[in-house]
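Pasting a structure below so you can have a look.
For reference, chains read A, B, C and D in written order, and residue numbers begin at 1 within each chain.
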Amino acid sequence: FRRTRSMHGPCPVTTFGPKACVLQNPKTIMHIQDPASQRLTWNKPPKSVLVIKKIRDATLLQPFKELCIFLTETKGMVVYVEKKVLEDPAIINDECFAPVKKKFCTFREDYDDISDQIDFIICLGGDGTLLYASSLFQNSVPPVMAFHLGSLGFLTPFNFDNFQPQVTQVIEGNAALVLRSRLKVKVVKESRDNKSLIQNGIEENGLGVVNFMEREPCKITKYQVLNEVVVDRGPSSYLSNVDVFLDGHLITTVQGDGVIVSTPTGSTAYAAAAGASMIHPNVPAIMITPICPHSLSFRPIVVPAGVELKIMLSPEARNAAWVSFDGRKRQQISHGDSISITTSCYPLPSICFRDPVNDWFNSLAECLHWNVRKKQNHFSVDDEEF
Amino acid sequence: FRRTRSMHGPCPVTTFGPKACVLQNPKTIMHIQDPASQRLTWNKPPKSVLVIKKIRDATLLQPFKELCIFLTETKGMVVYVEKKVLEDPAIINDECFAPVKKKFCTFREDYDDISDQIDFIICLGGDGTLLYASSLFQNSVPPVMAFHLGSLGFLTPFNFDNFQPQVTQVIEGNAALVLRSRLKVKVVKESRDNKSLIQNGIEENGLGVVNFMEREPCKITKYQVLNEVVVDRGPSSYLSNVDVFLDGHLITTVQGDGVIVSTPTGSTAYAAAAGASMIHPNVPAIMITPICPHSLSFRPIVVPAGVELKIMLSPEARNAAWVSFDGRKRQQISHGDSISITTSCYPLPSICFRDPVNDWFNSLAECLHWNVRKKQNHFSVDDEEF
Amino acid sequence: FRRTRSMHGPCPVTTFGPKACVLQNPKTIMHIQDPASQRLTWNKPPKSVLVIKKIRDATLLQPFKELCIFLTETKGMVVYVEKKVLEDPAIINDECFAPVKKKFCTFREDYDDISDQIDFIICLGGDGTLLYASSLFQNSVPPVMAFHLGSLGFLTPFNFDNFQPQVTQVIEGNAALVLRSRLKVKVVKESRDNKSLIQNGIEENGLGVVNFMEREPCKITKYQVLNEVVVDRGPSSYLSNVDVFLDGHLITTVQGDGVIVSTPTGSTAYAAAAGASMIHPNVPAIMITPICPHSLSFRPIVVPAGVELKIMLSPEARNAAWVSFDGRKRQQISHGDSISITTSCYPLPSICFRDPVNDWFNSLAECLHWNVRKKQNHFSVDDEEF
Amino acid sequence: FRRTRSMHGPCPVTTFGPKACVLQNPKTIMHIQDPASQRLTWNKPPKSVLVIKKIRDATLLQPFKELCIFLTETKGMVVYVEKKVLEDPAIINDECFAPVKKKFCTFREDYDDISDQIDFIICLGGDGTLLYASSLFQNSVPPVMAFHLGSLGFLTPFNFDNFQPQVTQVIEGNAALVLRSRLKVKVVKESRDNKSLIQNGIEENGLGVVNFMEREPCKITKYQVLNEVVVDRGPSSYLSNVDVFLDGHLITTVQGDGVIVSTPTGSTAYAAAAGASMIHPNVPAIMITPICPHSLSFRPIVVPAGVELKIMLSPEARNAAWVSFDGRKRQQISHGDSISITTSCYPLPSICFRDPVNDWFNSLAECLHWNVRKKQNHFSVDDEEF
């Protein structure tokens, strides 16, 4: 038997002993590109680049300017920047930067939709910039190249020191990609007051859809999430009680501070603080992590990426719960409301510094202080007689 | 975009923004049968059945006899039983059972290879019986039906109370399967004593292969593992120091009591006691769990099923380490020896009581004392429109 | 050397080798009653008894009535009950109970101070009733006898089934006590709307000086806490940043969901869910437990009962934090506010079913599903010679 | 009420409400010196000093020589050194050091008892040196001054860089002490090779009677332990099953890799790796930590220092267990053997760099990477609208 090498593992045999097998049903066969071989390809040269910068961080100003000048002047690209970023006095007052700045396209979050105008995204300054980038693209996401300035983050593999050749390489199409799966979330809120629900439609950022059946308008909002959906007790000091359903079946009630549903990417963020194991982004999975569960034998669990989860307040819950999406859009969840979660078909394509495996272990090593080859701490006189 | 439903999640889009994509390389595309739809099929009716019984457990004797009589007399099957099982005085002295017993085929572990004669396996009495079954089949494994007698185990979904119709159903081919991935392990031991390594070949149970290059014969042994490979400090009270390599790169040195490399199936066994999250058997992954690591920020990690792991003693390790495979074949590992681990293409096909998802959550609920209110689907109507 | 037996351990020797010693300073010697020998003594027979009942729990009504009738009619005691408890329709409408009810003394929480009128407290229905009892007595607490109705709780050792002889025994003074230490908490809130906050005394090293000069009123509130003080992120989805000072020194900044400062009694409550070890109530200690800390190597820590802790928002914190006391009195904490915590000299005297050690392990065994074979002493003879 | 300040907390009130109290029984009152005020006092000037050096560590040679020359020549003290330490070729061949070396008193471990000849101990090079020092003194321990050379350890507060004035200060009696409690351990091994074990009293129900009749000697060994007693599965791959008794009562059976009984000092060593909370050395307590327990709701527990623990193999255990003491003297434990553990009255007096509280938190900060004031990692654009 000849195995097909792939990050997903070999195709298992389909015969079991002399007489048993599983039938191959063409309809239920998936055709998956091996994640290890996914490389960025440009159909046409990229022209527009969105630059995302963490605000309120003075150390990022100079790199930001250098990067924008390089992209605009040297590479002839159109730079998109959020308006707010340019309102920093240090940018406004920099006269040398003014001519560059003039060429920028600017936009305002929640007002201007630029999601089909961007060929390429560059992030400066921390894992939060990728969460922000993700939130701007509710469907297909352009490739993201993320720089750290100080210490390596889980999502920011590139060091800014040597940015020019690195950006050039990527623009020329020479890069490995890791497709970071996102969660597709649908929040259904029951109508609380049947009478005057006229303007119950569009949420600021989520894609709001009004359900036009008479007298029972639910409000539905959708989100694409890169790290996690968090359901917690919010301002209450009482335990939250939430029911978790999987493919329509109640699988457990979480009693505690709350529950985190995360992607593999999110497993190294809040979920890790709540005790989860860390999952490589190429594992097709969803992680469910209880937060300070009342039951001491509860554990984080990892389920296949294709399942459909639903979270609701338990009937016996005495308080509302709160939900947030990548730490944003926090809102209350009441009895009857539901949060449906499954893997999205719109991953975030993150450009690798080396490749998906090396990048991930390098960030683990740095974030977990792994890289120190330390010696044993025992006293050695006794060793011999042992 | 129309998603393909599957437990592995939807196929991600392959275009990212207006100009980027990943090219589809036919050579690196995997064709995976959706785990949710895998059902047992018999090419011909099964005739030979291996019955595995936990020994030293008096409560299993009566069920064992009933089962064997049913299989032999009612179903006309040939029952295979390990010789040791029949040496129990309670069986030897049972005259009523003698005529049935006569029809059995018996075998001795490590002496008789029955791996191509068994159509079907029935296990009685605990998760350990499956580990034993797994060890008997180093290549293709016949379908396994596992009964618990007392409390539901992680691997034993069937209750014996009503065994007859359940066995009949399975023999008639009416059953869902969960393919439990196994690990393919290769232990390479450096020759310690160059002179007299003439008979260094066949390990009792593992498939031993002698490396016939002159003057440097390594001893190679292979194992198929259902739960986990454990490398630990053995009888030493000093920390073990083992290096973990992934696809040839040193990713970390584990300093502590040891390290567990487990399948998703094994994530609910020893790895759970060492702090791992619990992984559904249909997630294609391998879990690496440190045991009492010296570094308090170490965490269990989950990597794609297709990676190749290698474990060796660290150069600075002052003691040997010990390795075992599903708790068996324990042996010492010295400097220069290596343990290579990857996902096998020979999974263990385990017959489901209901289906892979429900079976798993039912065992979690029982084993972890989860407080699940037994209820109907809350939102079955809503499911479709998701 | 003859050891003094005590739960606190033997008095250590005070000479170290031939020439070193610690001088005995009479001023710094503590005289501690061995917790193992503390037994309830009545100076005069108890006459007034406060009965605390969990509300909204129908199963408690009948036991409550039985208990009150027994105390009033048989024992001739004066029963105190909170007014709210009697407002339950099932009590109002029970005509048989009316004559008994007439004899009750009633009070309203936060309005009537009954703290010097109660000789004895009986709790019905869960650990929460003890937290409530504790909150009513900010100084000395009368002895508390706590009944569970369903399953044994950590704080409710008595089974109601056989309540009459048990209550009689206690009233007659035949009972062991466990003094559950409480925390004495002082919250100092800076006046926000004060123009002229000149040097109002909170210094870096934490030496807080309450400043009673004109126009600078800080608001000071005090609490006695039986389980824990919780400081958390409240409704924010951002990490909280709180500084923890010990005896005036900054010992750490907790970045995460928050921090729990608990008594040993509280170590089996919320702190356990956050990962703390469980501390026997007779260990003189305070436990500090981070909630989902950002730093994965953070651990719960246990410090001597006599230290003075202070918690403040970190200077770099961008959000307010929230504090609650035994899950009550939740309030916001802003920059400059401080929470001072130390062990109170007013413990809650909890009446033991058997003794402090057996009661605690029995509740652990039940609450943690420990598999204890119920057996006799293995080695009682051997104990003495140890 | 006026509280007595002390690290052990205030003396609790002894009256509870108007009528209840605990009687003060003079016989059960302990008189404990407040740990916060314990300072080293010399009855006579110290003359003999034991220097303990980690062996096989070349970086310690030069400091070791400098220290010995200083003690011998400048301070006129008699230096004791273990013979093995001087057998290092780098010391043997150093002719300059020869005259100093001549003045040393040497001894061999396990042969020469120097425990009543040492006034003062200096340790060089890691926490292990203190465990070794502890093992040499089974009764009273002279004061220990411990230097680290690289990074601060939990037990080595002094930096060697400036050793001369620091040693001088201590010799002059200017130092705070932390009395690190030790465990007094008694191992009783049943005689195995005795033909005539007629009715020697260990019955199923555990009523053991030590039998002092001829020809039935049990072997009793005693140890003083600074960190921990570890009972584990040793070379077996099967779970260990050990029964833990407290004051004669079976409190739990630990099923797993084993169990750690540690002092507060030991709580930051192996117990921390097994998940324990960290206990300040001045808390009078003993910690019991399961190692990878089979029961996922098991937790480390902390009991008062004065209890008497006993550990035995469970009757149902199928394998022997192994025990070690501070990582030393590893030995097998079989059915019938017992390990009795309680707090010793011979603590190890460890000289503080500053004081018990600051020293402890400084080592925590360094060992747990606490001291970094890091910023929040979130993206800040969204903050305002939150």
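By our rule, contacts are C-beta pairs under 8 Å (C-beta built on N, C-alpha and C of every residue); 3 or more make two chains touch, one makes a residue touch a chain.
For clarity, every value in this text was computed on a predicted model and none was experimentally measured.
Visitor: Going only through chains that touch each other, what is the minimum step count from subunit A to subunit C?
Guide: Each step joins two touching chains, and the minimum needed here is 1.
Visitor: With chain centres defined as mean CA positions, report which chain is farthest from subunit B.
Guide: C
Visitor: A-D versus B-C: which has more C-beta pairs touching?
Guide: Top pair by contacting C-beta pairs is A-D.
Visitor: Using Cα averages as centroids, what's the distance between subunit A and subunit B in whole Å?
Guide: One centre to the other, that is 32 Å.
Visitor: On a C-alpha centroid basis, what's the spacing between subunit A and subunit D, in Å?
Guide: 46
Visitor: Any idea how many Å lie between the Cα centroids of subunit B and subunit D?
Guide: 42
Visitor: Find every residue in subunit D that makes contact with two or more other chains and list them.
Guide: Correct list: 272, 295-297, 299, 327-328, 330, 368-369, 377-378, 386.
Visitor: Residues of subunit C touching subunit A in their complex?
Guide: 230, 234-235, 237-238, 256-257, 270, 272-275, 291-294, 296-297, 322, 324, 327-328, 330, 368-369
Visitor: In their shared complex, at which residues does subunit D touch subunit A?
Guide: Touching subunit A from subunit D are residues 54-56, 82, 84, 109, 126-129, 131-132, 153, 295-297, 299, 327-328, 330, 369, 377-382, 386.
Visitor: Inside the complex, what are the residues of subunit A that reach subunit B?
Guide: These residues of subunit A touch subunit B: 1, 3-25, 28-47, 116-120, 140-143, 177, 179, 181, 186, 188, 243, 245-253, 255, 264, 267, 272, 276-280, 282-285, 287, 289, 295, 297-308, 310, 312, 338, 340, 342-347, 349, 357-358, 361, 364-365, 368-370, 373-378, 383, 386.
Visitor: If we count contacts the way the header does, which residues on subunit B are in touch with subunit C in the complex?
Guide: 295-297, 299, 369
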